[in-house]
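Take a look at the following structure, please.
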Amino acid sequence: MTPKHLQNLLTEVANGTLNVEGALEKLRHFPTDTVRDHGAIVGRLDTHRAIRHGFPEVILAQGKKSSHLIKITKHALSHPGAVLLTRVSKKKRKKLKKRFPELKDGTPASCLYRPDSQTEPIGLVAVLCAGTADLPVAEEAVLTARLMGATVSCHFDAGVAGLHRLLAAEALLKKARVFIVVAGMEGALPSVVGGLVDRPVIAVPTSQGYGAAFGGLSALLGMLNSCAANVTVVNIDNGFGAGYVASLINRA
Amino acid sequence: MTPKHLQNLLTEVANGTLNVEGALEKLRHFPTDTVRDHGAIVGRLDTHRAIRHGFPEVILAQGKKSSHLIKITKHALSHPGAVLLTRVSKKKRKKLKKRFPELKDGTPASCLYRPDSQTEPIGLVAVLCAGTADLPVAEEAVLTARLMGATVSCHFDAGVAGLHRLLAAEALLKKARVFIVVAGMEGALPSVVGGLVDRPVIAVPTSQGYGAAFGGLSALLGMLNSCAANVTVVNIDNGFGAGYVASLINRA
Amino acid sequence: MTPKHLQNLLTEVANGTLNVEGALEKLRHFPTDTVRDHGAIVGRLDTHRAIRHGFPEVILAQGKKSSHLIKITKHALSHPGAVLLTRVSKKKRKKLKKRFPELKDGTPASCLYRPDSQTEPIGLVAVLCAGTADLPVAEEAVLTARLMGATVSCHFDAGVAGLHRLLAAEALLKKARVFIVVAGMEGALPSVVGGLVDRPVIAVPTSQGYGAAFGGLSALLGMLNSCAANVTVVNIDNGFGAGYVASLINRA
Amino acid sequence: MTPKHLQNLLTEVANGTLNVEGALEKLRHFPTDTVRDHGAIVGRLDTHRAIRHGFPEVILAQGKKSSHLIKITKHALSHPGAVLLTRVSKKKRKKLKKRFPELKDGTPASCLYRPDSQTEPIGLVAVLCAGTADLPVAEEAVLTARLMGATVSCHFDAGVAGLHRLLAAEALLKKARVFIVVAGMEGALPSVVGGLVDRPVIAVPTSQGYGAAFGGLSALLGMLNSCAANVTVVNIDNGFGAGYVASLINRA
Amino acid sequence: MTPKHLQNLLTEVANGTLNVEGALEKLRHFPTDTVRDHGAIVGRLDTHRAIRHGFPEVILAQGKKSSHLIKITKHALSHPGAVLLTRVSKKKRKKLKKRFPELKDGTPASCLYRPDSQTEPIGLVAVLCAGTADLPVAEEAVLTARLMGATVSCHFDAGVAGLHRLLAAEALLKKARVFIVVAGMEGALPSVVGGLVDRPVIAVPTSQGYGAAFGGLSALLGMLNSCAANVTVVNIDNGFGAGYVASLINRA
Amino acid sequence: MTPKHLQNLLTEVANGTLNVEGALEKLRHFPTDTVRDHGAIVGRLDTHRAIRHGFPEVILAQGKKSSHLIKITKHALSHPGAVLLTRVSKKKRKKLKKRFPELKDGTPASCLYRPDSQTEPIGLVAVLCAGTADLPVAEEAVLTARLMGATVSCHFDAGVAGLHRLLAAEALLKKARVFIVVAGMEGALPSVVGGLVDRPVIAVPTSQGYGAAFGGLSALLGMLNSCAANVTVVNIDNGFGAGYVASLINRA
Amino acid sequence: MTPKHLQNLLTEVANGTLNVEGALEKLRHFPTDTVRDHGAIVGRLDTHRAIRHGFPEVILAQGKKSSHLIKITKHALSHPGAVLLTRVSKKKRKKLKKRFPELKDGTPASCLYRPDSQTEPIGLVAVLCAGTADLPVAEEAVLTARLMGATVSCHFDAGVAGLHRLLAAEALLKKARVFIVVAGMEGALPSVVGGLVDRPVIAVPTSQGYGAAFGGLSALLGMLNSCAANVTVVNIDNGFGAGYVASLINRA
Amino acid sequence: MTPKHLQNLLTEVANGTLNVEGALEKLRHFPTDTVRDHGAIVGRLDTHRAIRHGFPEVILAQGKKSSHLIKITKHALSHPGAVLLTRVSKKKRKKLKKRFPELKDGTPASCLYRPDSQTEPIGLVAVLCAGTADLPVAEEAVLTARLMGATVSCHFDAGVAGLHRLLAAEALLKKARVFIVVAGMEGALPSVVGGLVDRPVIAVPTSQGYGAAFGGLSALLGMLNSCAANVTVVNIDNGFGAGYVASLINRA
């Protein structure tokens, strides 16, 4: 329930098209919608979050049992607005799509989602990535930013070992309001992009690489120590977080 | 053999309902019950532990071969009192339940157990967790504390990003004698709970999360550095240990 | 040389108040101003940065020899606009202030600076910190954001173990365009702030704490794993970087 | 201001020995007492904590500038009840004792404190340590527990390489309600103590040792992985936290 | 080819029962026996090792392709004396036993071996372990020490949380020439054993445990920091190395 | 497109055997050949690299989706010169060989490749490895160096525990222009080789080993700290990088 | 009090040259000699250790306050037999030598000691080190082994980058009963020595080196992963432990 | 004694200008020159190294006692050819320069040296660094390469956040035979340089930076994971090693 949904509801009450009982019913699961399994509460959807944050609570599927996940998803879909599930394994995606045909598949991002038809894309978020293997993370960022109302433009596979591939994106570098730069291995791309633009750069380290990449640690440390001052960092493989913050900055 | 069981036995000897030979037979595997495989000793059940600690030795199933596990479980079940097996894989749980139908399944906790019918629940232990994915660990804590005689009340999925979900547990926060707070990712919930209550908080980091969560390290470090002074910490995913200590404090 | 300075210069050339030779002289150290020591180049001031980024290159004093630092500072002060030196030790601060009386001291931040008189503060950046020991880092963020043209409002010593201290900042939480949240130890404050506001939160881990704080690692990991989706992170003790990005978002 | 102090104050108001204005004056810095430096707020004493937690906010001196520390200490001393400063360097201890002669020195613990004369020691907390070098941490625990109202009994230098030194403490092992076990190096003592008693053991790793002790990491990991189920752990060198929780359990 | 085998061969040459050509033929693969795959050398058996070290080169199966492993094993079996393969996966064990029926299976140790019939067991090596899950590593040590000619006596599942289980091994503690102590989790057993005996203790950390056990790191660090001075350490799960060195000390 | 290919093309244009249109067509994907999936760009082959570096862009298969990998490989094969894919899983190797029969299999290296028929092997690169288990990495180095035009000679399974196996390679140690030394576990071989020769040694740590080998970290650190001054290091298991640099040095 | 001292005492009692009271007086501090500071016990000398272990408790000076150290040393010197203090800082060494002139200085080892005049050196322990900077640790091993009755022979500065320096020690390599090999940086020397001899090698990593030596971690990991099977390891810089175990093996 | 020196000596013997006794005297300390302190050998100069490696053994001053260092330096200076001491503290540098006036000071590198007058600089080694704070390490590389006979050209302070500063070195990038690239913080410069040139790049991570730079770990990991294939890495701050290998490649 976004501020917009709440405003509509209150307007309907104000002009009498919705009576108090109807409104209360619609608000029954507000600000917390408890999810139960065999009677016990196993989840508490923060239905107030869309009011507080402008975007409904996103469901991190990883680590949740399928049965719990299905129940939580059902509750989430029962509320208006966008729905997003991240880090959904292939197997779980299959199960959930079967159960909830309204969910779209975000492949190569490991996401399922239901868009909010009411949003008009605004601004411009640029998403760059260093290699083809970073695509699942980059696409998670793209999907999130779009769901949250941003126009998004991408420039993929532009690692620093071939700078001309990055410089080919000159127009995008000039126009975007905020940049998401996704890279694994040594994670040098955000520093180079950060040096070229005067807007915020959100760096996303990925777990791509091997050996001393240590599951993304190398890229993470590189980005945290960036010599470019306009770079902030999110967790390894956290395309969602980057897309989220980028859309907040984009709509500022 | 708990102090209670031993007291009963000695009483029977004292009033003649049990002769010395019978008592010796019952004490034959005391204080150590050796478990053999092809003649060689592969386990030494600490049957004195219930006397010393008030609760029988708990069997950590992980890392034990199935054949050894079955033998050890058989010995454990042959003694009176509660029996608890933790970190039992799905496959082993299936095998053991078939072999020992008296064992109950603790799902979503990866536990098998036989309750001690003689205990009356006392006090109040509160178990809170930050997310639905933390349930298996939280339930292990619940199960352990209940087996050891505590009344337990739960409040799940109350992460700090939506504080109203935690504050909804106000009554529980006021009443419980001791708190178990389970969280993965940044592990911030114990600090917030610790700041709200004046009783001991046992923090349990979980391995939930990804990337820089490093298998629970992030949550563990966060909890060890808690700015709330009433917080102590157990190992990552160690719901059992938390439930154990909580029940000791609860019955103090 | 900011875009504004360049525009003024070109305007002067255009309307004849400055001839080409004079303009060239003023642009002699553009886009790189080399700093020499005994003839050898030891520094290359990126004088083009103010054009590219809207703020001149900032001088990280740590690790530089005093003699090099003095030379670089001299060059930096010879260009128009703000000047900022970060991580300047007490000893070096004393030396530099003596040599360059126009430099102001940013204590408790370990900074020296010369403000740019031409900027009008705009917007609102909120800087919060968890404990009094985090002040040097928080003040570095405040100083940077102000130098870059932001209105800044602070709320210090508001750790999560006493939530009412944070909630006392309700007005600030509602108004600011972007938040800088500074914390050491378990670093939980950004998650809690992130859960309360719908704007970007820049988390700054500090090296405050001891033992398993591991020089800020605990706080850093906590922030990277934040369950609040609007949080991005900068390096440990990097108040400068946080102030820099916050001012970029603030003026967006 | 502990619950007791508040009760007294309200009683005075109720029976007219204190008028409302006087009471308000006494409550002026409640629930937060802001500390200022040159007009700016640099600290927020959580004066409500004694009500919430039964013990006033403790001041972690480490990392705080001397001038800030003096101001905060002055505020703390202006409130009734115990006052405790931990991790105070030698130099700062000297300064503070000179400025506030009512502060007592907790050497070998790096603490300063003012006891609360109104508390009667109850129960029994046992503090054990493995080596003489662990004394500063052990004494911090002793001091904290005593300030919070516990009777404390010590048994120092009882490392596991000479078990008879530990077994000599048999009487204490039998009587205490809760145990604090302090050890550096391999940190094995809590496991052995935990195996001998049926009450909670709070393990405190210390930074004593060298090489692969890694500043207490070895002891910390050892304690977190204890095979004794009644062990919980606090941060490296955190004698204060252990004493705090032990006193909570002791008075339960 | 042990010194004994070489001595026999030379004796035969000396008394004419073997001519020079025959001797040379037998020494053809001395001191290196190259193993080829499709013509290329993929292994160099150090056949001189038995002379130098008193025991033939042991084959670490892990990481080797099955085809290479089979070739190397074939060569090894073609030389006289004991043969030992360690860290052989279940699948590879099956393959190799089929191909080389003379190999015996060392389960629960992941070993295959062919004993050297000529050795008479001497001395006494004690092998203790903390838990049943440590058995595969402990048995690898037992097997190695026996193959190398030591009498071995075991005492398993004697963790420090129930000291009476260890003290039950008093006779063994008094008699053995050298001790191998195997433990996972906090790895405290070697320190306690080391404190009780005046002979060398070889500590073997195992990867048993979970969470902050970090794959044996916790036990390893604990053992390296042992407060007992007679403890040395080998790699995590390296039962073989411990058995090897123990047998060297045993026969000294 | 290597410098040679480009030279040929320009020569053809110069002497009229190729008209401008034909040349343009051949240069259509120069300097970047974009790879698309459902219309979106998922890869940017750096076709200029062969000009810049003397060797075409190598494809790191790990982390790339099979569908993307097939498209990228197709593009790569459409350009003249050598093609190399590294870290190709067994499953992907099978798929790709079926689809592109011109690809050869580099087993035991996890590589696929198409050689460049025009290169004549020059110089001499020596590849040594410590154990049979290091072969896949060593062979990746061999294959890369050969593809890039070097004569390569190998000496495998020559670990430092049997020095005579290394000294047997005396001739090779004297002749080679550059050495690649591959080792896991303690990674000591490069130091010993480095001490024997006066030419550059490229050390390749492998992930072989167990326990405290920590996936190659032990070998990596050992090599970085080599007391031999002629040793440089590449990433764990990075035979490709070692072969690449060795061939650059070899042809210098 | 070593077994010898005890035997003498009992003999004197047996043949009447010492009466029971005198014997009791001499045994007053047996098996624990408590050390007090202002009445409180701050140390418990394990005077039984010489009986149990054949060598009195050694005093680790590091981390102990000077006043405590002086008291403990005084007690130690009051018992017969050898006395050894390790890791004594320069400042403390000066203080203690002044106070106890009977203590000898072990420089370059940071030790103080009083030899036991009654021991006759036996066997042969070889101590080798890789570089001159490793001398303080190597000498600590030498001193300890000599105090405990071993003949010791040294061969210093024989790093693997110049193998002829090691091979020059051929005679020593052949004769010694046990080897102590001390090395920092990559720590490769124990593997090479281990490959050359058939007796136990005790490896001592040192904190010598810089950068990725990480305070001895690199050398420690290298030694733990040694491909030579006769190598065991002690803590970083623990020359004492190595000397202790070596002398146990030497006298076996 | 370089091959050249040896050749001269043998020539003199051959043509009778030096008799055998004189030659022997000159070769007395060959191939090892032992250094003694109070009679005991504390160092073994590898005087054969110049023959084997083409450059005399370099003296790592760090960790050596001043008295030992002076003795070793005296021996080194007594042999012909270049002499280099690295990582010499300010204090030791002062002492040594006073004692050996022929030593030159390499500031800002922490080195002392005596050049070999007989070498003619050849080829071209390029040394680049990212920031002014990296100068001491970069200059150590410069000094080493020059001592070993290379022509060296530098381009300092060219970090990736201002790419035009790097591109200004175009001529150098085209000409040099080998590149040394020195950088701290995220260590991205070697990847960018590596992408621009087709010759070997030796990356030197420095300990410059703070927080998550972890003493150079971040830069080290970044360089090891470089996406440019022509990059190899040396230890943190190891300018010497980089200069050494670069000169070997340069003279190949």
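Going in written order, the chains are labelled A, B, C, D, E, F, G and H, and every chain counts its residues from 1.
Here is the rule we go by: a contact is a pair of C-beta atoms (placed from the backbone, for glycine too) under 8 Å apart; a residue touches a chain by one contact, two chains touch by 3 or more.
Just so you know, these numbers come straight off a predicted model, no measurement behind them.
Steps from chain C to chain E, minimised over paths through touching chains, total 2. The chains in contact with chain A and with chain D alike are B, C. When every chain is reduced to the mean of its CA atoms, the largest separation from chain A belongs to G. Taking each chain's centre as the mean of its CA atoms, E is the chain most distant from chain C.
Rounded to whole angstrom, the centroid-to-centroid distance between chain E and chain H, based on C-alpha atoms, equals 44 Å. Chain H has its Cα centroid 29 Å from the Cα centroid of chain F.
Annotation: 38 Å between the Cα-based centres of chain B and chain E. Among the residues of chain C, those in touch with two or more other chains are 131, 161-162, 195-196, 211-213, 217, 220, 224-225, 229, 235-236.
Chain pairs that touch one another, listed by label: A-B, A-C, A-F, A-H, B-C, B-D, B-E, C-D, C-H, D-E, D-G, E-F, E-G, F-G, F-H, G-H. Against chain E, in their complex, chain D makes its touches with residues 130-131, 159-163, 185-188, 191-192, 194-196, 209, 211-214, 217-219, 221-229. Chain E makes touch with chain F in their complex at residues 31-32, 35, 40-44, 46, 48-49, 57, 60, 62-65, 68, 72, 87, 205, 207, 215-217, 220, 235-238. Listing the residues of chain A that touch chain C in their complex gives 52-54, 58, 177-178, 195-200, 202, 220, 224-225, 229-236, 240-242, 244-245, 248-249, 252.
Interface residues of chain G facing chain H in the complex, by the touch rule stated above, are 108, 131-133, 135, 154-158, 161-162, 164-165, 168, 184, 208-213.
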